[in-house]
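Got some structures for you, see below.
In the two complexes below, chain A is the common chain; its partner is chain B in one and chain C in the other.
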Partner chain A sequence: MAQAVARPAAASRRRSGLARQEATFGYLFLLPWLIGLTVFVIGPMIGAFVLSFTPYSLGRPLTFNGGANFVRAFTADPQFYNAVGRTLNWAVIYVPLSIVGALLTAMLLNQGLKGTNIFRTIFFMPHLVPIVASVYIWTYLLNPKYGLVNEILFRITHVDPGPGWFASKDWALPGLIILGLWAAIGGNQMLIFLAGLQGVPKDLYEVADLDGANGWQKFRNITLPMISPTVFFNLVLGIIAALQTFSNAFVATNGGPAYATWFYSLHIYASAFQFGEYGYAAALAVIFFLVLVVLTTIQFQLQKRWVYYGGEVK
Partner chain B sequence: MAQTVVGDYRSTRSASVGLRRALGRAALYTIAILLGFLLFAPILWGLISSFKPDTEIKLLPPVIFPSRWVPQNYVDVWTTKLFGVWTQNSVFIAVLATIGTVLTAALSGYSFARFRYPGRGVLFGLTIATLMLPDIVTLVPRFILFWELGWLNTYLPLIVPYWFGGTAFFIFLFRQFFMTIPTDLDEAAKIDGASYFQIFARIVLPLSGPVMATVAIIAFIDQWNSFLFPLTILNSPEKFTVSIGLRWFAISPSADSRPLDQLLLAGSMMMMAPIMVIFFCGQRYFVRGVVMSGIKG
Partner chain C sequence: MHLAGMNKRVSRRSLLGGSLVLAGGAIIAACSPAAPPTNTPAPAKPAEPTKPAAAATTAPAAAATTAPAAAATTAPAAATKPAAAPTTAPAAGATTAAPAAAPQTSGQVVTLRIHDWAQDPNDTFYGPLFKKFEEEHPGIKIQREWFPRDDLHTKELQLAATGQIGDTVRYNVAVNGPELRNKGVVQPLTPFIQKDTKWAQNDQKQFFPGNIANYTAQGQQWGYPVVGHPGCLQYYINTDMAAKVGAKLPDASSNWHWTFDQAMDIFAKGTQKGADGRVAVYGNSPCLGNEGVVGVLRAFGANVYSDDGTKCLIGSDEAIQGIQWIADQFNKNKVALPLDAGGKQTDVLTVFPTSKIMTFVSTSSQPGNLHRLIGEGKQNNFKWMILPPPTVKAGDKFPTQISSDGYGMSKQTKYPDQAWEVVKLYASKEHGLNRNLAGLGSPGSRYDVWTDDKFRQNAPELTLIYDTLLNPDKAPPALPWNNPANGRYFEADTAMNNALVDVWLGNKTAKEVLPELQKTMQAIMDKPPV
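Right after this comes the complex of A and B.
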């Protein structure tokens, strides 16, 4: 103590030396990720912007064509607006259904039923089936002619023929939505909701009971505000995931029939890897990125009106 | 006195309330069982149908159970096409990428959790922001990068990036975990002259079993299921992973044009099996990881 008082200059020098050492090692531990972030995330991000102004294809020198790719996307690409429309159509139906479905499933598991762990595990299993495998299972189940689903529908309604599902341009999207919901309503989003529900303090409900609140009032005025941060989280990531949906449509329908499930990701993929137009595909990706930035910013602005953070433990 | 009042109040209503509650419970159990059946039935259908003779998956009207069980499908799936090779490839890629993810995401998470240095907040914010960056946006430039490096149709693009921090989500999980470990032990070790690397390797990592299990399980499942990126990188069938190879049962017919449906289903079940095993062994860790993603940092 006395020493420290006697030689404050030396102590502070030693402290700043330690701080510098700590900083050096901090960067050193972070080095792999700094490289990864630069080479595999930020670099490619910049690369996408640069490529979007070029007619690049593999092996060609980099030349610039101004905004020609963007002009083409908006004015001369017959599938561009179709892809945008199909993707929005998918997201607008699928995102709310999956979030409401996951929330209802989580609420069911939050009722203290006996065997809740077993139910949770069973509900979660579809989410674990690899997408490719689940697509094939459903391709058979939804086969318009031989599939079990149409057989059951026929026995109930006696309408023949039933929906054409992946073979029909009107039913392919509903088919993908069924597949998606099957995998989603007991999946990760549900687990996150469940954790949110379990974090709502029980005494709030007890107070509401004393006030004579009914089930809906308790849900509307206690549950929903208290779990609004989880709703927001699932909504933001759910929209991003839905807008870049690829594997299910690629495997089940390859974007068909007649481009009925030609999602935006398939359009990017086909432009690059089937037609070799990498510059154009990069421009499509940049448009997608900008739209997402705007969408996500809007959501972060709007959340101030409806997301309640007072319930967080921290 | 107060108790009797409450008691009277209850007894007048107890019969109807009790009945209603019992009915409500029964309804909830019914819904849960029905939902469980609906969600599980397709998997069960796939499992049963994978034992069908080759002509019975597309029958009119459809049958649920096979006329005779054909376990031979599970032998044939390995010898028709290159299923065995694809499985080896998937295991190879998934294991190496997972090891890289666990090690380097731990280092990065440790840096964010325990060290003070200029720019840490900005770098962490940037890391979290990449969680919201869709892979599809950078797909083309990454492909071109690996083409320039001469890495196409090799496993390097599927493994090497994961040795540089893995992904932001895992770094975040490690950081959150490390922030809960008290620093007393570090300080004590520091006084004993341990280096930062020694503290990390000998004190922090041995305490981090749970988070390492969480990251390893989720990373392995992600790798195993990965589809779009391997699809762009790998183009010769003997290099395929299971997830892109499986399609070949559907899109390339067999030499004698017999149906391959039963093998496609057997292959799907085989592909699912390791994921289910890992999930059941590590369910606790898996669920914890998913739940942590929903907690704001």
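Right after this comes the complex of A and C.
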């Protein structure tokens, strides 16, 4: 009997010992990531926050200037509101187009037609082209004088000169939107939508067919609600990515011409690495971070009204 | 698997704390100054560090001046005049402190960390150059730390800020000088020049005075130009095409002078329509940006910046005329190739060799490229030349603005005497000439490079540029590259370029843009030093 009592106690000790070991190894395996997160993400974030209260420039002593950088951004920086406006313009046009485009492409590829895998690969390929290479290709294609796009437009319309694209104040933003959509529509968003679409139960469509629903009704009442978490996911990440847009404009136009593509991230970059004002650039980054936090929080609040999660009781 | 002693429970908090401590330690370790380079005993023949200096200066010169006697006589003759110009500044500043005392290195090999931008991908030029240098200086070993050019300036500032800068420093462009000086990244070279009499009496006189002025401040010289040319104001012309369209180019009879009106006529003649009614060939592709517009502004008697770099002058009536002349090429006269992405000049190397433009404006860096692309047996075969820039009236002084990038000595170096040898290598005729001959860009900013026979054979078109813009016997000294004294060149330049695009595109006139632009740029120049 005594043995019978001792056995569970020993087993329990063994189990807790094993659990501790397991936890230890778990933490050990987590350690590289935690160190990376601390050194390369949290550390710089804290550093940037501290710098935002200084007029720091490389090689200068670190002195504090209170909130002067923030005041300057809102009251004395001629490019601040310009950059904010351009970036919002970009996001308002680009995000809906990229999401709708990616969704439509995913729906086309979800039809189970012959050769779907080949098309999936083809659509995804632009996403795999390095950004700098794709931007250079597009600057050639959209060259106002010698580009293929304007040549085709001329042959059709006989209008010369055609759009100035990246060389024009008015056409630079549309040019970047075309470039961005080319890479985005068949990219990650499309893949995520495809996964979402494939998770929609087939029997829901069968029931709708029995009820005589047409294609639009099935999309509106089954597909869209069922993939609403996917739409929400793409929307949140899409807005953040759009507001952070940098590479295409940096390579194609460097913010020009006449600040036509001077996005907010470019303004941060230029302030720090071209103009040497690291403290001020850090303040711009802090403002940007806060705006993103607020926007994302609002989106999470609003999603309660339109995102449907399976098994959720509303 | 069982690890003894690891069964103690690790809480999330302690793990996170440990991580932070580790990370903090890593950051502190990363940010702490690097240990100074260690000296290793020389394998053979201990050398006095200063001794090879003399050998180094003579050796390259001797090697490079194997050219015929003609060249040897012109170079020194040319060099006599500028000697009285700003190159004397260092000598005048004789009150400067002596260079920091070098640690005792006799009998030891000193490893110098030298900074430059990544170039010469196959190491066909720099490899042998440094090998030869090390052979001539057995007490010095070169450790190259090169960066992408776009990152170079920032990297050097970062290294200096964390006490890890090398012994010698590359100036990405001359206009980085104020920031490198103000932040104590580089140290004055004047004491070394004064100490090195051979260099002072020979090489020092070979540099274009206007260029040395760019590296001179507070009575001291802080660097040397590695390469240099009289500015982005050199007119490359397809002379076959000019003859075909009946454009009369300036020649020796007018001392190569031409006016802005004549230039516009020539560009108009060169602008030709194709069968579909569109312009097939443009008369010109102007150089834009600060380096480009200054070449026009100075001809109109205007300037972007004052000589001392404290005032922006771009709002003057003369500047308005100059900028409008450039803009008229795009809009009123429609003779200029439309702008490319971002409002920049189209890559001339894709359009000039294919005869899509008759003329373009650029620096002295293009002849090597054009010889590669144009000529007998090549797909594009036509004759071309490089003209000095037009002026308002025939016979006016040619405008110039010497552009360069340079080399200096780190303030933190522990081996200043040895570092001085590396600075001299970069500033030497050998480097300035052979780098250009190797196809790595513009030539050295020295009279003896531009008058060297090898250089003239390699880029004969630049002889006229030398004679009209640089030769002290024939032309006034080429002028310096003025820039904001507070080091905010790129901030001001960004403001200028973005404002001027509106003029190039015809959205606004120069008169509408420039007075406001002057205020914007002045506000940048009034900020504290960067």
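Of note:
The rule is simple: the second predicted complex is superposed on the first by the 289 of 314 C-alpha atoms of A that agree within 3 Å, B and C clash if a C-alpha of one lies under 4 Å from a C-alpha of the other, contacts with A are read in each partner's own complex, and residues count from 1 in each chain.
To be clear about the criterion, contacts are C-beta pairs under 8 Å (C-beta built on N, C-alpha and C of every residue); 3 or more make two chains touch, one makes a residue touch a chain.
Values in this document were obtained by computation on a predicted structure and should not be read as measured data.
On the superposed chain A, the positions of chain B and chain C overlap enough to count as a clash. In the superposed model, A:23 makes contact with both chain B and chain C. Touch criterion met: A:292 reaches chain B, while chain C stays clear of it. Touch criterion met: A:160 reaches chain C, while chain B stays clear of it.
Judged by the touch definition given at the top, the superposed model places A:143 against both chain B and chain C. Looking at the shared chain after the overlay, A:205 reaches neither chain B nor chain C. A count of residues in chain A touched by chain B and by chain C gives the higher number to B.
Look at A:39: by the touch rule set out above, it reaches both chain B and chain C.
Once the two complexes are overlaid on the shared chain, A:108 sits against chain B while remaining clear of chain C. Judged by the touch definition given at the top, the superposed model places A:70 against neither chain B nor chain C. Listed for chain C are the stretches 77-85, 185-193 or 365-373, of which 365-373 clashes with chain B, judged after superposition on chain A. Overlap of the chain B and chain C interfaces on chain A: residues 23, 27, 30, 34-35, 39, 43, 58, 139, 143, 145-146, 273. Those residues of chain B lying in contact with chain A across their complex are 25, 28-29, 31-32, 35-36, 39-40, 42-43, 45-46, 49, 57-62, 64, 104-105, 107-108, 110-112, 114-118, 120, 123, 126-127, 130-145, 147, 161, 163-166, 171, 196, 200, 221, 224-225, 227-228, 232, 243-244, 246-247, 250, 261, 264-265, 267-269, 271-272, 275-276, 279, 283, 287, 290-291, 293-296.
The touching residues of chain C, when paired with chain A in their complex, are 2-3, 6-10, 12, 15-16, 19-20, 22-23, 26-27, 154, 157-158, 160-161, 179, 183-185, 276-278, 337-344, 346, 351, 356, 487-488, 490-491, 494, 497-499, 501-502, 505, 507, 520, 528, 530. Listed in rising order, the residues of chain A touching chain B in the complex are 19, 22-23, 25-30, 32-37, 39-41, 43-45, 47-48, 51, 56, 58, 105, 108, 111, 113, 119, 121-123, 125-126, 128-134, 136-141, 143, 145-148, 151, 182, 185-186, 188, 191-192, 194-196, 229-230, 233-234, 236-237, 240, 243-244, 246-247, 250-251, 265, 268-269, 272-273, 278, 281-282, 285-286, 288-289, 292, 296, 312. Residues 17, 20-21, 23-24, 27, 30-31, 34-35, 38-39, 43, 55, 57-60, 78, 139, 142-146, 154, 160-161, 164-169, 252-259, 262, 270, 273-277 of chain A touch chain C in their complex.
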